[in-house]
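What follows are several structures.
Same chain, two partners: subunit A is paired with subunit B first, then with subunit C.
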Partner chain A sequence: MAIFLKAYQGYSGPLSPPMSRTLVIFRYALADVFQSRLFVAFFFISLLLPLFLMCAIYVYHNLELLLQFDVTPEDLTTINGTAFTIAMQIPQNSLLFLMVLGIGPTMISPDLRNNAMPLYLSRPINTASYISGKLLVLIFLGSLISWVPGLLLFFLQAYLAGGGWLGDNLQIPVASILTSLSWIICLSLVAFAVSAFVKLKSVARMTFFGIILLLSVTGAVIEDVFGGLGAYVVNLYAGLEVLMTYLYNADSDLLGFVPQMDVGIAVLQFLTFSLLALLVLTWRIRAFQVVA
Partner chain B sequence: MSNGQLAADYARAPLLIPGPSLWMRQLVAIFRIEFGKSFFSRRAFACYVLALLPILIFAVAAFEEGDARGGPVFESIENAREIFGYIYSALILGTVVFLGSASIFTTLFRGEILDRSIHYYLLTPVRREVLVTAKYLAGLSCGFVLFGLCTIICFVLLYLPFGMGQLVSDLTSGIATQQLGQYLGITLLACMGYGSVFMATGLLFRNPLIPIVLIAGWETTHFILPPALKIFSIIYHLKGLLPIPMDEGPLAVIVAPPPVWVSIFGMIGLCLLTVTATIFLLKHLEVKYTDE
Partner chain C sequence: MTADIISNEDKSAAASDEDAADSLHPEETDAQNKGNESESKENVARTQPSVSDESAQERDHQSAPVIELDDLCVNFDKPVLDHLSAEMHGHCIGLLGPNGAGKTTLLNTLLGFNQPSSGKAAILGHELDSGNQWVRSMVGFMPERDSFITGMTGIRFVRMMAELSGLSPKVALERAHEVFFYVGLGEARYRNIESYSLGMKQLAKLAQAIVHGPKLLFLDEPTNGLDPPARARMLQLIREIRDSGDTHIVVASHLLQDIESCCDEVLVLKDGRIAKYCNLEEERRSNRQFLLMQIRGNEEDFVEGLRNLGCEVALPNRRRIKAIIPDGVEINQLYALAEQLSVQIRNLDYKRDSLEDIFLRAMDED
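Our next item is the complex of A and B:
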């Protein structure tokens, strides 16, 4: 072969499907996450809550056990959307926040710090695949500790309650999936955006925690001083409360303080935060670096 | 080297004999370096943003003609002082000073370890006590200058809707100076208390987020803690010093605030204890950059 023909030629063979390339990033990122013993412990502790609630539902429907505890079925509260919100969704929201706080801000920064982006993006992986691969890790793990056990609880309750309980409470599984996914995706994208700016893992975690804490306190302060809905726009948790109450069809009086905000604004708030974070991410994740 | 220079060096030699004079010069030298690093580095940018947030809220409140409820933001000067007390307690003290101290003091040692530059200090003939004290004083000065200025500017902005006449009247009657002095004192004590704790945790924990989240959780839930546990909360002692007592909400466990001298000496005691603990930790520090 002539020497000039040995020059670089791009690969022209068949490419694997785009989703399988995304899943490669997902697989390696997941393996990285499970290298932390602290996270493994946290993950299994998170599963204790649905286990406990499963036992509680079993006891709720077991008359003999109830009578042993001197409790009559009339003394017990009805299991409905409000009960699922208080017992399951609210604690799960906190667990999801802790999960994202622990692993979210550290997912992008090592790749940026060690100049790995050109290596990723020189392969047939684009920015969207890269972000999706990383995001899938958090969605997968978050789902395992939130709506997946939530659905199991729902079907257990439906099976034990019998009658028309399933038909009357069909909003619960939809609410569980939508609320958890909105919270996971929005928080994860914000965490990734922080991670793309702050290169040190510990500083990135602190920054993410600070941003979320600051936004909620600032929102509360603005609401108290100025009133109106403007304050809730910066408070992500307020949006989540509104969305949760609406989707679960829960009693806001029993849930405590729920902002009087339209659910459309809450959805818009999640979309705005996610889009802003995505913009930052696409701006930061590039196949080249400008060296000053 | 000329003979004259040699003679000059010999003449200076007594200054290198260990003693209070040398320690003081070393302390001043380290203080100057650390104060510059805390105040003008890129990491300080987060603290500037934090300090600007309450100023922005007060500036909007000062120039806003009416709130979302239809009435003026500040109905009277008494109402304005109450609102200032609330914002100071919730936003400035509970969030800005807390997060700012976490950012400033955690990076004093952990930041150096992450930047792989702590060995430069450890290789110099400087006593660990001098190093810790100088770094702590630098962090404290930086925190107090930033958050003290933030408090003063917010307090002045409070008077903007009421005109200079009100400010001069309050200054001459002593109300404004007394209240501002109290707020500045609380800010100093908060920087001292939180700062010393975060400096120690920065050396103790490889991941500084864990102590920050734990302390934040403890401080935000202090109002529901029983009286025996409340005394271990920094914010409980600081809120007891506020010129206008704040309502802690319906769930709060009502307890009389601690005496002023207990709060002040409690903070000084905490500061001495944790700085001593930091010195102990630094004396036993073995840096392995590869582990970070």
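Our next item is the complex of A and C:
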């Protein structure tokens, strides 16, 4: 239909497969995220850490350069799961938290505030597709600043170290992917759940930060008063530490304090938080609200 | 019926010129309708997919009722829709009813937002359930309340909605531009949608509802909050979409004039039940014509004379007489009576029941 005709006509062309609708939400939400200069700056700063570690690995394997600084390979610590955990995963966990704090709580609330859900849900998508589309944004961006550069570092180290290093440390890429994804998904769903209730962006961010902080403080209080497992179950970061230590096969003495919690309970903790957040989301994300 | 007609005389007297023209020139209207039908068939043929299975499916949908309700009930703590059963075939179907009658709930149920407590509903021959993606790809929805996505220009908003309905990004962009010009927002398409006036937002909502060329369009109170020119424009657009033949339309409104000017079938809801379902044109034809007269002279005698001729007469206000003429009585006899009583007939007009009469009768009957 030419614009000048200004006449209505139906559409009989091909339709995209239903699965691709999730990607439409993802694409538009991603573009919205990159409209924020603050986020763009944060994103590129986040990439400085892997860049620095890449240089460090290069220097680590450059004997001539090390000798110029009077450092011998024996003086350096071994690069293994523990080193990756301390140098890469722990800082990345904080970056991921900041990223989710910045984006997550603001992704759902504008749609709810402006009554956009009937527009989404009257089309061939459902609540799950909508949440998945939004979640994919955080998974994509989180992956770019966590396990993707982690894998690059791993393969760079494997290439430079040679020998059997790759075979001895195969748990590192798996740990990097699983730890990062668990942390991103769980935090994102909690952030979305907050976003589904709190409609103002800044208040939603503060609420999300408050909830995570409150859970940690509650865990600490329970530990002080009662001690034992109950102290860690409510603390998401405690679960992450346990999961991370287990997956990286890291030396807990070198990591500092690691909560005495079974890894199965840590996994269960992540699943519980994620499921609770999903329940809240499916309850809140509806085409309309019934007013009694 | 007479009592109803009489009590609503003022509203009847204000029936639109369009209706009067229809009643005076039924053959022209019929010819026009036939023309629209043939055009509609051509359009439908043009939109049929080339794949044979899809064509067969498409033909099934065309022969199936637009909306089929089979003992449909929806409960929210209390019954909101109560055992609705109807088959609607119209090209533009009006959902009419007072506030709280269940119009929006019915729309929401047809869109799959509500699960029926019991009974069934089908759209274009497809039974509804929450996972029926086909139905959702075939419908467009214009909600009653302000609905948009923040931080987007109008064109981006409509393009996104088109892509969500299954159009490729390129086609979605093309159609978003076209539809913006079509609804009259072409010059405002790059403005942020939050900066639109209420009327512009209504048009943008219509644009997003039609951008993917739906087979069935749900419009919930489309003229809400519009000033008279904007309202006329919106109704004109609805009529154009209806006449294109590509799309069936369901309009929910409590404004009788809006429904009357667009719809060929009307479902009147009252307290969640169907108070009346009718084809407007048939309903008008089946209703008796009445005469609306303005006279000067002895009113009482003239009314008495009319009654003696066998007319049902009412006096809605001073110097206006409403009369239903029985079979066998000619207009000439009225003039003769007037002459005999020295009464001047200053104005004489044929009228039929307006939608308002039908609606009010439906409300009363229940």
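Operating definition for what follows: the second predicted complex is superposed on the first by the 275 of 292 C-alpha atoms of A that agree within 3 Å, B and C clash if a C-alpha of one lies under 4 Å from a C-alpha of the other, contacts with A are read in each partner's own complex, and residues count from 1 in each chain.
Throughout what follows, contacts are C-beta pairs under 8 Å (C-beta built on N, C-alpha and C of every residue); 3 or more make two chains touch, one makes a residue touch a chain.
Keep in mind the model is a prediction, meaning the values are calculated, not measured.
Novice: Which of the two, subunit B or subunit C, is in touch with more residues of subunit A?
Specialist: Looking at subunit A, the partner in contact with more of its residues is C.
Novice: Can A:222 be said to touch subunit B (first), subunit C (second), both, or neither?
Specialist: In the superposition, A:222 touches subunit B alone.
Novice: One more residue to check, A:10. First (subunit B), second (subunit C), both or neither?
Specialist: Second partner only, subunit C.
Novice: Touching A:48 in the superposition: subunit B (first), subunit C (second), both, neither?
Specialist: The answer is neither, since A:48 touches no partner chain.
Novice: Taking the superposition on A as described, I'd like to know which of subunit B and subunit C A:24 touches: first, second, both or neither.
Specialist: Only subunit C; A:24 stays clear of subunit B.
Novice: First (subunit B), second (subunit C), both or neither: which does A:206 touch?
Specialist: first
Novice: Quick one: which bits of subunit A touch subunit C in the complex? Just the residue numbers, please.
Specialist: Per the touch definition, subunit A meets subunit C at residues 1, 3, 6-16, 18, 21, 24-25, 28, 32, 35, 110-111, 113-116, 118-126, 286-288, 290, 292.
Novice: Please name which positions on subunit A make contact with subunit B in the complex.
Specialist: Of all residues in subunit A, those touching subunit B are 101, 200, 202-203, 205-207, 209-210, 213-214, 217-218, 220-222, 224-230.
Novice: How about subunit C: which of its residues touch subunit A in the complex?
Specialist: Within the complex, subunit C touches subunit A at residues 43, 46-49, 76-77, 108, 111-113, 130-131, 133-134, 136-137, 139-141, 143, 145-151, 156, 160-161, 163-168, 171, 175, 177-178, 181-182, 186, 208, 210, 212-215, 218, 237, 240-241, 244, 246-247.
Novice: Taking the touch rule as given, give the residues of subunit B at its contact with subunit A in the complex, in rising order.
Specialist: Within the complex, subunit B contacts subunit A at residues 43, 46, 50, 53, 57, 60-61, 64, 67-69, 73, 83, 86-87, 90-91, 94-95, 99, 102-103, 106-107, 110, 114, 206-209, 212-213, 216.
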